[in-house]
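Dropping a structure here in structure tokens format, bear with me for questions.
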Amino acid sequence: MGFGRYVTARVLWAGVVSLIITTITFLLVSAAPNPSVQEAATQAALQGGDPAEAAERARELRGLDQPLYVRYMDFIESVYTFDWGWSRSRSQPVTEALGQGLYYTAQYSVPWTVLTVLIGPLVGVYSAANMYSWKDHAATGFAFFGYAIPNFFFGIILLLIFGVWLEVIPVVYNTDVAVFSVQNAVQLSIPVFVLVTGSIGAVMRVSRNESAEFQNAEFMKTAKAKGVSPLRAYAYHVMRPTLVPLSTTLVGQLLALFLGSSLLVEVVFGIPGIGRVTYNALIAQDTNLLLGSTLAFTFIAVIGNLLEDLVFTVLDPRISYDDR
Amino acid sequence: MATPLLEVEDLKTTFSTDNGDLTAVDGIDFAVDEGETVCIVGESGSGKTVATESITRIVKEPPGRVEGTVRFKGRDLLSMSEEELRQIRGNGIAHIFQNPQEAMNHCYTVGWQIAEALQIHQDVPDKKARARAVDLLDRVGIANASTRFDDYPHEFSGGQKQRVMIAMALVSDPDLLIADEPTTALDVTVQAQILKLLDELQDEFDMGILFVTHDLGVVAQIADRIVVMYAGKVMERGGVLDIFEHPAHPYTQQLLNCVPEIGGNEGGIPGTLPNPHDPPDGCRFAPRCSYAEQTCRTGGQPEELDVSPGQRVSCIHYRDGRDPSLLRENAPGVESGSNGVSSADD
Amino acid sequence: MATQKPERFDQVDWTEISRSRWFDLSINSIGMLAAALPLLIVALYDWQVLDERTPTLEPVGPAWDVGTVDYLFIFTLLLFAFYIVLPLFQNPRRTKYYWREFKRNRPAVVSLGWLAVVFVGGIFGPFFISAPEQSILTGYQPPVFLSVEQSYVSTCVGEVVNNQCQGTWQHPLGTTAGGKDVFSGIVHGMTISMQIGFITTTIVATIGITFGTVSAYAGGWADELMMRFVDIVLSFPTLLMFLLILYIYGAGLGMFIVVFAAFAWGGTARYVRSKSLSISEEEFIKANRISGASTYRVVRRHVVPNAASSIITQLTLLIPGFLLAEAQLAFLGLGDSTIPSWGQLISAGRSDLSFAPWIVLAPGIVLFLTILAFNFLGDALLDALNPEAEAENA
């Protein structure tokens, strides 16, 4: 099987996974009593009408009287055509609300990802090259610290120190500043730092342990015998093979943090990103919006896992595409 | 006589380990002339590999520590800085290793790795480096060299990989090629092809070869001169014919005995190598030598003595006033006349 | 160092094991049954006979209403005692050996000590330290040795020096805005954390081991299908799914544990499957199969003991994720507000951070240390399992 066919197969599989998760979401929602139907019934009862009849009408209005499979087909169709409905709490289409959230989420996610990808492997390989020195121990200590400290807790503490006591950063995120401005960089610095600390630990550990193996490999001796300088040997001959196992950790780690902690970090720092949109939808009981953001995160997760697979295959020339 | 291409004097390599120092190579001398092939022979663990890796100091330092003198074209390599030494590695002295599977980085194409070896030493544009690499791949016998350039190591067979390694070594036109058991991991037919290739390339590139092996069949095919090593010391040295016909040291005799085609004794040499942390007094081979006497077990390794022009041996039985003929009873060279050598020459 | 091959959980006494039949129960299983049956009876009695508002143990004394999570917790504790702790006593020589090996990794020893504190505190603490109670008048008491401006505190329990309310031993870690004692909150939070840790890992191990071995032994398309299913489970955004469930149905601690455990067993299943496949290749299993051993027996006697150390490591590294998730949800105000978890405490103190930081800091640091300890422990186990990676002795 060629690379093209492998990619096609993986993309198709990702489609299947997203369909399955979407289906589970549908089942979850349809198995629950619809709050708007109940609301209509309560309303009718309060006004002296027939609650059962009102509920029936409400159900009809929302197409709930149709058989499950018809509703399912409708649901799937609207999900994949991005017709995600109307957000009651924000008075705008769900996709638009999510798009706005994504705009703010991207502002800290991009620097966070870039920094993790750049710094993590470098520190890890440096640690391996100086294994068991104080530098290695310091890096290991930092890795464990970042790994273990709950992001939201760390965020609160830093916000207290830099926002409340030192007043270096604003306590509440200011959406009025331009994206590429010093102010924006300053107010995003702490959230980015918190997230980088959280994601970099695992990346550092994996690159340290993997590159420790490669720096003693036979091909390093070949490189030395060829006259390759130590810096070049690390940059090319150790770093490159380390990236193969690292790619899995890297994408997985970023994804896990993105799906979990970014929501917390946005709440702590008051960033109106997609995590905050989800949170607000939950608080405001905005079913459409909550469903929309769940789907958005699901698709991000599926795409992330797909990327992880593809990156891994591209990085490791030894992978045969027949394997899966 | 002109200065040799490579002159090694009193080379000593020590590793510091948790259990104390370990001397893998304990003061050895040898030389390689231009265009000549010198074989270092000995059992596994006798320090051959460490000796060759100490020449350009590619042995890991620390824990390793290299002492002595290594002169390459008259310049002392061991007193050079890392920087200067890097100019020699791959450029003046190239290496090929025992296990071609692992000697190449699995993440880069073979062409990239060959070109890297060239471009480190010479400011060559990518296109020219590629052309040169393709030429060499073709020369070492890789079919469709220009397309194979872009293949990864795992797409080559073991023999082909060793050919690629040879191409990589030759890309900067070295004067000396150090080949550390380059055929051991390959099967016999491929082994013969690689040896033949090295032989042809030696003339073509006019280089000296320092060849490490434990396989005396291989030695017979390619060596001009032989250095026999045991437990970090040189036991015997000389021209290939002299040693095959008249092995002087009991160790060499036993080693030759182990080659099935020559001596017929397949059992190997009884006993094991001494503990490198605590080598025996006297001759290193004494504990396993059937001719050892009390004198063999005291002092240091015996001095090297001339037995014939160019052949020297480190054994007390060749001292003045002693009768070395008693050692020759079991020597394969004597018993079977010149058969041993001629059969190995086939 | 490498001269001696380290002994592990893996290395089991094969002769002893092959002697036993699977119907003659070991002392461990007898003990487990003996303890679990009364528990089951009490649970049934609680469920069927007592009405909802009567605390379970009222007839005997303490007013402790045992809930579903508590029953599960006690059950998993019994499992832990009979299948992990008791075997350590049954084979003291091996235990001594583990301990000697383990002692060399100092961070891991400290971590184990800390987890022991959390464990003991979580199980016995609630019997000695009463649950934190609301008492608005004594809100914002500072921790002992610290002080806070008098204006923040309505009634200072300790002395007031220079208009500063001093902390007292009565509230060693201070109190929250509602006057709840932070220290007792932390001790009761240990119980919650231990419940989460023990129950989730038991569920994950059960599903993971079952699924993995069934997949390995089924083979063919069933195996393929099951592993694809694991792929899906692993790419599930658990936290969001939980939010959705919480939104639609509402959710307490029990639901949290079930949902998170239900999406965390993918890695264990994958591992157990590959281990089963490699073990089923080995000669002794073949011999066993020929002699008519059931698949259950092979799994119970060979696969599980051989994979035990790796499974334990994996589970150790999973627990911090669950603890973190619970704390995050509690912090967002979406957790089970009826339980005194660390996350609830952190969340409670958030708005008073600038003048009463102890409410957030104390439980936050405890949570951090616990997660750190699990990570160190997991890392040490990982090192011990991988003979090539030298254990870090620093």
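Should a chain be cited, it is by its letter among A, B and C, assigned in written order, with residues numbered from 1 in that chain.
The rule is simple: a residue touches a chain if its C-beta (ideal position, glycine included) is under 8 Å from a C-beta of that chain, and two chains touch if they have at least 3 such contacts.
In UniProt terms the chains read B = Nickel import system ATP-binding protein NikD; C = Binding-protein-dependent transporters inner membrane component.
Predicted model, so just to flag it, every value in this text is computed and none were measured.
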{"item": "Where subunit B and subunit C overlap in contact partners, by chain label", "value": "A"}
{"item": "Centroid comparison with subunit C (C-alpha atoms), farthest chain", "value": "B"}
{"item": "Mean-CA-position distance for subunit C and subunit B (Å)", "value": "59"}
{"item": "Subunit A-subunit C separation of Cα centroids, rounded to whole Å", "value": "26"}
{"item": "Between subunit B and subunit A, distance of the C-alpha-averaged centres to the nearest whole Å", "value": "56"}
{"item": "Set of subunit A residues in contact with two or more other chains", "value": "none"}
{"item": "Touching residues on subunit A, where the partner in the complex is subunit B", "value": "217-219, 221-229, 232, 236-237, 240-241, 244, 315-318"}
{"item": "Contact footprint of subunit C on subunit A as seen in their complex", "value": "13, 17, 20-21, 24-25, 28-29, 32, 132, 137, 140, 144-145, 147-150, 152-153, 156-157, 160, 164, 209, 259-261, 263-264, 267, 278-279, 282, 285, 287, 290-291, 293-294, 297-298, 301-302, 305"}
{"item": "Residues of subunit B touching subunit A in the complex", "value": "53, 56, 58, 86-91, 94-95, 97, 99, 102-108, 116-117, 120-121, 152, 154, 165, 168"}
{"item": "Subunit A-touching residues of subunit C, taken from the complex the two chains share", "value": "228, 231-232, 234-237, 239-241, 243-249, 320, 324-325, 327-328, 331-332, 334, 346, 350, 353-354, 357, 360-361, 364, 367-368, 371-372, 375-376, 379, 389, 392, 394"}
